[in-house]
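Sharing a structure with you now.
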Amino acid sequence: MSLLIPIGPQHPALPEPERFIFKVDGEVIVDVDVKIGFCHRGVEKLMTKKTYVQNIYLSERICGICNVAHTTCYVQLVEKALDLEVPERAQFIRVILNELARIHSHLLIIGITGEEIGFETIFMYMWRDREIVMRMIEDITGNRVISALNTIGGVRRDISEEQKERIKKGISILRERFKKYQEVFTEDSTVRRRLCERGIISKSDAISYGAVGPVIRGSGVKYDVRICYPYQAYDRIPFDMVIYEEGDSLARVLVRIGELFTSADIIEYALDHLPKGDIRVPAPRKVPENDVISLVEAPRGELFYHLISNGTDRPYRLKVKTPTFSNIYPIARAMIGETIPEIPAILVSMDPCFSCMDRLKFIDIRKGKVWIWSDRDIRRHYKRR
Amino acid sequence: MSEEELLKILGEWGKVEQKEPKDYRVYMDKEKVPDLVKCLIEKVGDIRTAAVTGMQRNGKFIVYYHLWIHPLDVMVSLVVESENDHFPSITPIIPGSHFHENEAFDLLGLKFEGHPYLKKKLILPEESPEDYYPLRKEE
Amino acid sequence: MSIPKLITEVVRTLFKKPVTRHYPFEKPEIAEGFRGRPVLNIDECVGCGLCARDCPTGAITMVFYSKTKRRAPSFDYSKCIFCYQCIDTCPWEAIKPSKEFELSTPDKETLKLKIPEEEVKPIRRRPPKKKPWFR
Amino acid sequence: MKNKLLNWSRMRSLWLLHLYAGSGCNGCDIELLAALTPRYDVERFGIKLVGSPRHADVLAVTGGVTKAMAERLRRIYEQMPEPKFVIAIGTCAMSAGIFSGSYNVVGGVDKVIPVDVYVPGCPPRPEAIIQGFAILMEKIRKGEYDE
């Protein structure tokens, strides 16, 4: 006998809503149905109503955690359409900020992974150390979360020598902490037991199901936009892609931990090789008729913007494809064959960011990190069948 | 397999345009899309759907299938144009296209033929009217 | 983690300073360039309306003052997203940044800031201080 | 005297229900979460995150209200026991901010339920959120609310 278990819209792992309907046979999941779109805000439509300058701030607010990736992708897109050359220094500053945001996002999600597997101490430690990164981001941009640093034609604030020193000091503190976390996730037996060989995605499945970011790299596919389609200053900075072949939840977490180290390396290299010069060039308000795509490696994976402009100061069509939108399908497939208690840990290993994905939010009465077995929903579903 | 050989294959199916390094556009007939994708998987290797952009322009519907070809690490966008809102689906060939096509169906009303589980209200709230497509241009 | 390591970690933490900042009783650490409330200096303003045009949320609206026959921006901080595009745009540098962030209030109306009639002086014509970034 | 004691005890143990009301990025949510974690630690004031509206005294709403959400937000508000307070965190919760004008967004939280304290900021710093709670506590201490 199979039973339908609706989980969500308040989904089990993060305090953001999504609805999964699991068909289970005893304890084992046999089918998953996903209802996405509880966060749909109609951003794509709103983008066509606002000017290119205003859209910088709208794209920033598609997702608060990956806001730097979103603005980088957006301004890069408009600069491509305008055929505008950005100063070297601005490109390096964008890279530094992107990597700081990556550290902050990865610390956040690794902490939540710890919480989901019942390791709350690591969650509190991660969030304590995250404050160091937040402090650095605030130092160079003026806000802890929403950076508003990127603009069409460059960046709005420069990095001074003192700020450089402060960032370097912070990075060296963080690097020590990263080593500790790596030790926890590679050696601790509890962590291994909850994450190892759970939610396996094979290499060819990862490609054909459309996974991106740490999910695809955790399955052994060499795909990182920073290396495959270098943007900004990434082609001038040497670094290695972090790849794990296993394809399980632990591999995805270890990819993130490995990326913490590469991000720290990239920041230090970029600070040492920061070129001198302008940080910004003037940009026109109107964009000529063009059709361009732009790719950025957000903390969660490949971010895709597609602009069709028509010569006015507003976009004609702007398509936003966020990493979670690509990752939800492979993860839903990976849950088939697993048991119910593993759901939150597998879901979190994908780093879900539903605000990114649907551009509209939704809530239900049931809130928090409990997961939901609502009789009413089950009954309603039975009636419908 | 090299990029030139890929371009040769693509050239047989439609007009190829290079936008940037490793980024190609192929302007082609909509009926041929599934055949081309099948052919590419056979001859080149695994393909990932990066995105599907649907849009409406001058009363016509245009769909971009953005495909990432893994062994060559190249982005190929298949551009198809149509008077009506029916398009071929590539979900039976690449399962990962499921959500991308479904999103275009939900927001723009593009009907992808051959999509195994195309459903309305994947993204829009359940309360919204049946024939409501927010991204369609009012003309 | 092994038990001896855990014990050393615990012991070390016992003697560390707590990480918690006792905010209302302690001064908050705010970065130098923090983006707080943007403040309008009405004497510098020429009423061009560029800020209202670039404001992404419509927090800035241009108000007409009949006595002095001029326009001046009025700020609605309940809509402001503190992006500082207005400061970036203003060629006369009439809008200034501030570090003020403690704006919580039980009444939303207090966040609407309209310059009173008597403070508005006629426009002094003069050249802009900087070139605009967006043409 | 009895009232004073009641207000004082109420002020010292605000239980918090955190809700998304629809549109907004998750910036305010991570800042509210940051206010609960070691650096800012609002548990110093007896503020605790709970999972059910029936246990909560304060409803912390982040984000503007979408069309689908309006009815549900009202329902959650009605489920909370009296006296109840609402704190709207972030610009989106006050006026829908940058998302106002979208086809799916109703507006700020105050279009649906009464709000006691507004915290402007995009996103507000954890300190600003703490100040918002301080204003709410002051309000309760003075007894400026309906039973």
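In order of appearance the chains are A, B, C and D, and numbering begins at 1 in each one.
In the analysis below, a residue touches a chain if its C-beta (ideal position, glycine included) is under 8 Å from a C-beta of that chain, and two chains touch if they have at least 3 such contacts.
Predicted model, so just to flag it, every value in this text is computed and none were measured.
On a Cα centroid basis, the chain most remote from subunit C in this structure is B.
Chain centres here are Cα means. That of subunit B falls 44 Å from that of subunit C. Here the CA centre of subunit C is 23 Å from the CA centre of subunit D. Centre-to-centre spacing of subunit A and subunit D amounts to 27 Å, using the average Cα coordinate of each chain. Counting partners per residue, subunit B has 125, 134 as the residues that reach two or more other chains.
With touch defined as above, residues shared between interfaces to two or more other chains in subunit D number as follows: 38-39, 66, 68, 97-98, 103-104, 122, 125. For subunit C, residues that reach two or more other chains under the stated contact definition are 19, 56, 81-83.
Interchain contacts (touch definition given at top) occur between A-B, A-C, A-D, B-D, C-D.
The touching residues of subunit B, counted against subunit A in their complex, run 19-20, 22-23, 25, 46-51, 53, 55, 57, 64, 66, 68, 70, 73, 75, 77, 94-100, 103, 106-107, 121-125, 134-135. Residues 19-24, 28, 56-58, 76-83, 101-106, 108, 111 of subunit C touch subunit D in their complex. Against subunit A, in their complex, subunit C makes its touches with residues 1, 19, 29, 31-35, 54-56, 81-85, 88, 131-135. Looking at the complex, you find that subunit A touches subunit C at residues 50-51, 53-58, 60-61, 128, 131, 135, 138-143, 146, 148, 151-153, 156-157, 183-184, 187-188, 280, 282-285. Interface of subunit A with subunit B (complex): residues 35-37, 40, 42, 44-45, 80, 204, 207-211, 221-223, 228-229, 291-293, 295, 302, 304, 306, 308, 316-317, 319, 321, 325-326, 328-330, 333, 358, 360, 362.
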